[in-house]
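Following this line, the structures themselves.
The following pair of complexes shares a single chain, subunit A, combined with subunit B in the former and subunit C in the latter.
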Partner chain A sequence: MQDRLLPYWLLIPAFVIVLATTIYPLAYSFFTSFRAWDLTQSRRPEGFVGLENYVYAASEEQFLNSLWVTFIFVITSVFLTVVLAMALALLLRRKGPMHTFTRIVLILPFAMSPALIGVSYRFMFNPEFGVLAKGLGAVFPALEGVPWLADPQLAMGILVLTDVWHWTPYMTFMCLGGLASIPRETEEAARIDGASNLRIVFGIILPQMKGVIAVMAVLKTIFALKMFDQVVTLTGGGPGTSTETLAYFIFNVGFRWFDMGYASALAWILTAIMMVISIWYVRMLLSEKKMATA
Partner chain B sequence: MAEVRLVDIEKKYGNFLAVPQQSLTIEDGEFLVLLGPSGCGKTTTMRMIAGLEDITAGDIMIKGERVNDKPPKDRDIAMVFQNYGLYPHMTVRQNIEYPLKLRGVAKADRRKRAEETAAKVELDALLERRPSELSGGQRQRVALARAIVRTPSIFLMDEPLSNLDAKLRVTMRAELKHLHHELGVTTVYVTHDQMEAMTLANRVAVMREGRIVQLDTPKKIYAEPADLFVAGFIGSPSMNLIDGTVSGGVFRAEGVDVPIDMPDREGVVLGIRPEELEIAPGGAAFTGKLYALELTGDSTLVTLRAGKTSVCARGHADFEADINTDCHLAPKDGARFHLFDRASGERLI
Partner chain C sequence: MRKTLSYLGERALLVLVSVIVLFPIVWMFLTAFKQSRDAYSVSLNFKPTLQNFVTVFSDPWNLGSMVLNSVIVATVTVAIAVPCATLAAYSFSRFRVKARKFLFFLILSTQFIPAVVIVLPFFLMFRQLDMLDTRLALIIVNLAIVTPFVIWMIKGFIDAIPTDSEEAAMIDGASRLRVIKDIVLPVAAPGIMTSSIFCFILTWNEFLFALILSRRDAVTLPVGLVSFRTEQGDLWELMSAAGVMITVPIFIMALFIQKHFTRGMTAGAVK
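For the complex of A and B:
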């Protein structure tokens, strides 16, 4: 009897921690999202307002702007990361003398903290003393003194660049895993059949990587939707609100303007978007697994 | 004419010499089998012909033309791989049509040729299926169809039957033989299965450690193995190889006394095939205790042991005896003894 219950007893500490740190805050924020709660006025949620917070979000310009910024950021960063990772993996898949070295170097950007990446890039793109700003100015004189982070488009470009730089290594390893599972014979058969290198990549390798690429894209989308750290440390959402992502906007609403009811509603909108994508992701993983075992 | 000539070809991987300077000519329309154990260099040799491996030295000539620097697609070859090498995202039809598509054949012509080829290998009912929906034998047929649809000058086959079950292998072997007879295309076939080699080949090149140790017809290789390695490798069950000495015109080993016409010599190995031995009443050349009886259906394999000597004979299917009882084996009329030098493996007689 005791043996049968022991696993449950052992699970209790982990369950309590998950309950306290994840389930309870989630449930509480869901409850709060239907309330008016100005943290400067009250320590507890106030009156029930029904869907008011959600309805307000649908017409609020700043929220819609952050939604648009997030959309642009997600599309560009996911696309560039996946394409670059695939290209790098194709270059790195053959075992050469630098095999181990390149893999170690490759993992370094992913090992860095996103906040640190933001700070580093902010310094590197400083027009006065930034190494990248100066370097680019030296190579292309037209870029000398360009206020990289003060221009809305350039700031968004740099934000995307830092994210791509951070995530490409991890995605490259995913691609390398996928490439390793493709039988060498299919590529060799295509070579004998008369396919060029480009045709082998697009006609033989990429179709076989479809599942891996889809999983990568969905996974990267989920992470991009949560983009926060680099926004804080690199652009602060600016100039203006040009790089204010949804996660950063929610943070501002909750912890700068202290409108916790509205912030909770926004957080749940973001959660809903991510849940839809996550369900899609899990389904895709399951169908991949089914295909693999077929 | 699609003759393939390998002239002093060599393959090195770093400091490792996989194939040391070898030469070989494969005649037009010939079915040549490269036979040997794993790691003997047979697949490497084939891949060099295909252009999938660069050669370190020497020349490869196809139809009289040096092709060392030509990519695989320009060598007019087709290859069938051990793991089929089918394109999993394409249907059977698309797989078969792909080499034609890459060579710019018009869609209607492509379709017609793919259907004709599929019919030839009995795949016509499966054209819209994907490889994952096919059995091993069907996949192998798709690989064959993809190879023959282009009517290349040379077929290269890398252990194409090794992933099939024993029964299917026999069926596919016959089909391959028939296909070669029908198409008459020069074929190079790699296998470690000596039965495949014997049944399919016009000539067999037995390889060991990258070298061709014997190149001849299957019949000749079976009857006159060039050395101890070939003698042990060809034949199923393999040739009895018994360590002993020759003195006074008799080969002697524990339980073995066989008259041999050669001067006295130590460190020799006597070889005789199990099918050339028969069970004798007593006082025969091979005497020992019955060690095992294995019924194979049409015959019984009888193994006797005397000390370290072990001799196997193919006996009548009805033969029965108790294990560990005395047993005698004698060579049949016209049986051929082979004698090899133990140290060098070289054939003596």
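For the complex of A and C:
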């Protein structure tokens, strides 16, 4: 009798934590999203306003701007991270002292605090004394005196760069895991037949990595949608609103302007986007597993 | 000839990758040991000093209290999340619990909820309870991020342990809890250790929650970085010294679990 209930007893502590710390806040902000609540005016939610917060979002320029910024950021950072990680994994596949060293070095960016990454890139791209701004100016005279973070496009570029620097190592390890699991016979046979390296990579290796690449892309999309820390420490959303991502915009609405109702509605829009991608992702994982066990 | 060329090319690329990865880190470490006038030049010719570390640990920066906050928040979060997660992971791994798929899916999917959604209600709640700017508040919110992640990771490690000796012990009359304590835990220890370190790193680097929920007393290291942005401009040499304090413990831990790192990363792939 006792043994029959034991599996549930074991689950209870973890479930209490998860329910209290995620499901409850999620439900709370869902209800808040249908209310008017200016925290500077009132300690409690004011009136019930129906879908007004959502309707307002649909026409607000700053929100639409943040959606666009997020879209650009997600597309570029996902594309670059996945391509670089794949290339790096192919490079690191062989064994050797230099390979081992690089693998160890690659652990560091992922362990580094993203807020700190933002700070250090801001330092390195300072036009007056930043080492990268100076170094690039010395090597390419055309880049001398470029106001890196004060230019909307360049600021976005550097934001993407910090994210790619942070995530490519993680994704490289995922790729290496995938590469290790595909059989080498076809590749060796093709090599004996004299196929070129490019042919082998594009004709034999990449098609077999399709599953892994898809998982990486979706996963990176989720991380990129969540990205927040570097926006605060690198650009502060600027110049203007050119790097103001959705997560950062929600933070501003909630904790600078204290409009809780609107912030909750925006947060739920972001959650909805993430949910769609997540469900797709978990489905993909489950079907991958099925394929692996079959 | 072509072989040697491609061999050299591969080496060169690897060197380039290592340089790109290491450069920002090395530059931060160098800046941390520069005097403030050297910090604003790119010259490598400087007299190293420990003054920045002395400065950040004294008034008005008081990095010491931030170090303490970060250590306490990360340690307590790990101490709560890992035991609870281990029990749940064991249950998921060994029993056919009713609605098991649904429950596991529920746990996994909470990982994808954006942190900003979680922090909003908590901010209001802690404000109501007068708990803003406390370590306890940060611990509670960090559990939200870390717990599902650790359950998933530890389950991976427990799944890999064969069940034979557990079954044998049960035939001999040992209870389940005894089996968990005496048979499963010792074998799963390295995996649990790796998960704990991962969980520590996540909490240690956490920025959004601490930025919103702390003001003065409970400020953690990543948020402390922002305070070196003063009206006189950014104090880079002090920021770098603080950055060294943030990264050194984490780098040591990451290298310590280096072997399991790849596996942990892939196991945590759903994070």
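Just a few scattered comments:
Quick note on the criterion: the second predicted complex is superposed on the first by the 278 of 294 C-alpha atoms of A that agree within 3 Å, B and C clash if a C-alpha of one lies under 4 Å from a C-alpha of the other, contacts with A are read in each partner's own complex, and residues count from 1 in each chain.
The rule is simple: contacts are C-beta pairs under 8 Å (C-beta built on N, C-alpha and C of every residue); 3 or more make two chains touch, one makes a residue touch a chain.
Everything quoted here is computed from the prediction, not taken from an experiment.
Model built by superposing both complexes on subunit A: subunit B and subunit C fit together without a clash. Of the two partner chains placed by the overlay, only subunit B lies in contact with A:Ala189; subunit C stays clear of it. Shared-chain residue A:Ile204: touches subunit B; no touch with subunit C.
Comparing subunit B with subunit C, more residues of subunit A are touched by C. After overlaying the two complexes on the shared chain, residue contacts for A:Ile279 are found with subunit C alone; subunit B is out of touch.
Taking the C-alpha centre of subunit A as the apex, the lines running to the C-alpha centres of subunit B and subunit C meet at 80 degrees, rounded to a multiple of 10.
Of all C-alpha pairs linking subunit B and subunit C after the chain A fit, the shortest spans 10 Å. The touching residues of subunit A, counted against subunit B in their complex, run 183, 185-186, 188-195, 199, 204, 207-208, 210, 291, 294. Every residue of subunit A that touches subunit C in the complex is listed here, in rising order: 3, 6-8, 10-11, 13-15, 17-18, 21-26, 28-29, 32, 39, 43, 88, 91-92, 94, 98-99, 101-102, 104-117, 119-124, 128-131, 134-135, 165, 169-170, 173-174, 176-177, 215, 219, 222, 225-226, 228-229, 232-233, 247, 250-251, 254-255, 260, 263-264, 267-268, 270-271, 274-275, 277-279, 281-282, 285. Remark: subunit C residues 10-11, 13-15, 17-18, 20-22, 24-25, 27-28, 31, 39-42, 80-81, 83-85, 87-88, 90-92, 94-95, 97, 103, 105-124, 128, 140-141, 143-144, 147-148, 151, 176-177, 201, 204-205, 207-208, 211-212, 221-223, 225-226, 234, 236, 239-240, 243, 246-247, 250-251, 253-255, 258, 261-262, 265-266, 269-270 touch subunit A in the complex. The touching residues of subunit B, when paired with subunit A in their complex, are 50-52, 71-73, 77-79, 81-89, 98-99, 102-103, 132, 146, 150.
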